[in-house]
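So that we are looking at the same thing, I have put the structure below in structure tokens.
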């Protein structure tokens, strides 16, 4: 088992494997997005309180989930990399950051769009909104740090350390609605309770969430492949690959 | 340890806060009701900015003249070094701020009780800023544009301190009791005290390579 | 000249302002009426602080690596060098601030007209800050504790700019017309443009000896 | 016990910078009473090698051992017995030479009183500069302050990167004598230099960094 | 016209630092095709003298003349014809060697295209480092970048403070040849060094800074 793990942790094998996987993830992401959007915009009923504006939930919530989840995954890979000095885990972490920042931005943006009709303001300084904004800043900070460090090894480790420090923010975002009484809605999907919203809405959101997942994986794998080529361009296997 | 040797810095830091915090009434207008309203927030934001302003110097000089290398080569564990640096930062930046904060409070027409809470919140909060700041300073050591980068990395981490710190004073003024805010601040302090020096030490080692 | 080469800095500066200005609502509380009241002042104070934070880097690096010496040894007159440095500072600090200021205005719920005046006042005011700042940076070059010392020297000089700048926006919001404030700012700009580079050049020569 | 014999050894060291490999397969064992002179042209990796030996940076492959133990396991002992002077002097510009020496000792957990510090500095020809902040000292004088701090460390192993830089002829002779005394007294030293250094009589071994072919290419 | 003859001369120069007098009554006239080697131990005032000659600092007494005109009256011409390399390299860590050279030329009001810059750098043995930021270069390589920038300046008068520092044997030989070519081609140079430098065949004059008595005292 251990041998196997190390086998896949080697950039060369990983490169081959991921090349085969990317199209699968990519296409299923596209298909699921279409289905999800269809459910969201044509099948789900109009909300009796919020009218049509609520449909933004199908983008907002999956994006918000992903923004936090990706950060945790980055922190996980960063920690693994620091502990075991595996090159690949740092690359995973780097590959995920832009997507995470994108989803954070989408969550903020759709939230703001939604906030205008719901709360009458684009932006309020509510705990969840603020902590989500901080998450965006963290993503940007980490990417800026990577950009500023020329030496890839040093950049990897410095970025991983920062990611770890910032990870504290994710539970704050998630629980902010519980800890402070905020304008923002509390969690209505949870594993322990029965969901409090219409089934079709839930399905639509879940489909969109899975699509976002698949998209993230596809893009991350693609970026990792590029990173691998860049970093390992002096190794024999990359040279062989390029010559092919 | 070392930074404390510079006597002049002490006084300058104090002036700095007074000046930053005095700029707000100038920019905003002298209405005492407004001033009172924004007072705690402004003092706290000034504290954050002052910490940011003094952070780049914390390690950069040692890095450039090679003494940081030498410190890492002493038998002392790097964690102690990082802790010492945070302490030094707090001594030249936090303490002067504490001493001067009552004056700022008076400038903003805060009631006496609120000033006491303000000082208490600064006493708990500023060490957190120094500890987190040392992580940021260690990470950005020797990088190009490190000053602005440092701000970018560190400000998001400072936000909770700001919220609870200013929140405590606001709560005291509103009469709802500042204890919960202060105890949260205290919890953050304990957490950062346990975690930040290790991360800063690791970052130092990475940066010096 | 030189500083403009660093592309990354641009974006970072922009984020920097957003972050600094975002801290105030966090510290002060989210009430939109208060925010509107303090908005212009806060944006202007942030502009001052951002300028202060970026000043130490303006010359210090060139001083340390010896390129400042080399620049003084070029056939160009030192006044041009000082002017170029101020310009460089304004490019990496003033321009991003201008671009981002409407967003800050929205954050503070300012009316559209006030935002226009805010931008205009920043357009006239920030070059003054850069020009004055280069004098301060040149004077404190290579001194110990130069960062804080710089603040101490420069902030008092910045105060008039702050008063007229924020005053212009306040006046626009009160409907009393911002022209007089803005034209005063303009006069200050002309004056500093004529005087500051010479003083900065002289200070540079003294510092480099 | 084999561990208590003072040896510095490195095995199969490989060092990469960016995408470039500086050297690989470096092996050496240095014992008390010996000095190792590392040779190689500009940019061949001498400084990089020395930094690996101090433990400040980590090799891409291979390991460095002190008294038979890997560096990261014995860093406290090692740092107590080793002193390093790099291209940077590691002295504080705002402090006087005496203050610098005392501060360095204090950080290393030793105490050094003022007379001792003064003695060392006078020995290195800095008698006239004791009370000046290091900022105003000349290039060579600052280098001498760093060397004085080396002497104060009482270290067994000296790692010196171009210690002769900036020293005048008297300074070079002085340092040569100090080095000889240190080695002949059972100490160890690893050093690099581009200038001729005469340590004849002492036990000097040399090691080449970078292939000679590379040398001619690079310079 | 006497002004158009390229001479650097200084008259009755006196230099003080703090309360200490470094030297006084220094006189010299240097003509085209000559080099001046300034000698003296550490801290005797060589660097201080060179800085007086560049015009970066002002003498306590006496004056420096270029083509017969006092420096502060002719600084623009002088700075066009003179190049100085001090203990600091004056290169930007964030830029690559090529960018550094081009920036320096641009600031001096000249233009230098990429191929020219590359040529100079290759001439100085930096062919492998053209695209690396100077931050990662080795000590000697950074020194070479500074020397390349000297060559690009086309200056008539070179003022070099310990130019051999950090250079390996090939580097020293290279610089000696460059210096010889410069002087023999009618150029002028003022330099200091603690290392032996062999410029035989060229017209070298020497000047001592600090009394020999002081030298032995100080070192």
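Each chain carries a letter (A, B, C, D and E) given by its place in the written order, and its residues are counted from 1.
Please note the rule applied: contacts are C-beta pairs under 8 Å (C-beta built on N, C-alpha and C of every residue); 3 or more make two chains touch, one makes a residue touch a chain.
The structure displayed is predicted, hence computed values, not measured ones.
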A-E or A-C, whichever has more C-beta pairs in contact: A-C
Centroid-based (C-alpha) most distant chain relative to chain B: E
Geometric centre distance via CA averages, chain D-chain B, whole Å: 38
Centre-to-centre distance between chain D and chain A (centres being mean Cα positions), rounded to whole Å: 48
Gap in Å, rounded to a whole number, between the CA centres of chain E and chain B: 46
In chain D, residues with contacts to at least two other chains: 17-18, 87, 93-94
For chain B, residues contacting two or more additional chains: 6, 64, 144-145, 149, 152, 155-156, 159, 163, 209
Overlap residues in chain A, where contacts from two or more other chains coincide: 130, 137, 140, 144, 148, 150-151
Residue ranges of chain A touching chain E (in the complex, touch as defined): 150-151
Residue ranges of chain E touching chain A (in the complex, touch as defined): 133, 135-136
Touch list for chain C against partner chain E, complex: 1-2, 5-6, 64-67, 69-77, 208-209
Contacting residues of chain B [partner chain C, same complex]: 6, 8-9, 12-13, 15-16, 19-20, 23-24, 26-29, 34, 37-38, 40-42, 44-45, 48-49, 52-54, 56-57, 64, 144-145, 147-149, 151-152, 155-156, 158-159, 162-163, 165-166, 170
Residues of chain E that touch chain C when the two form their complex: 51, 54-58, 76-77, 79-80, 82-84, 86-95, 103-104, 107-109
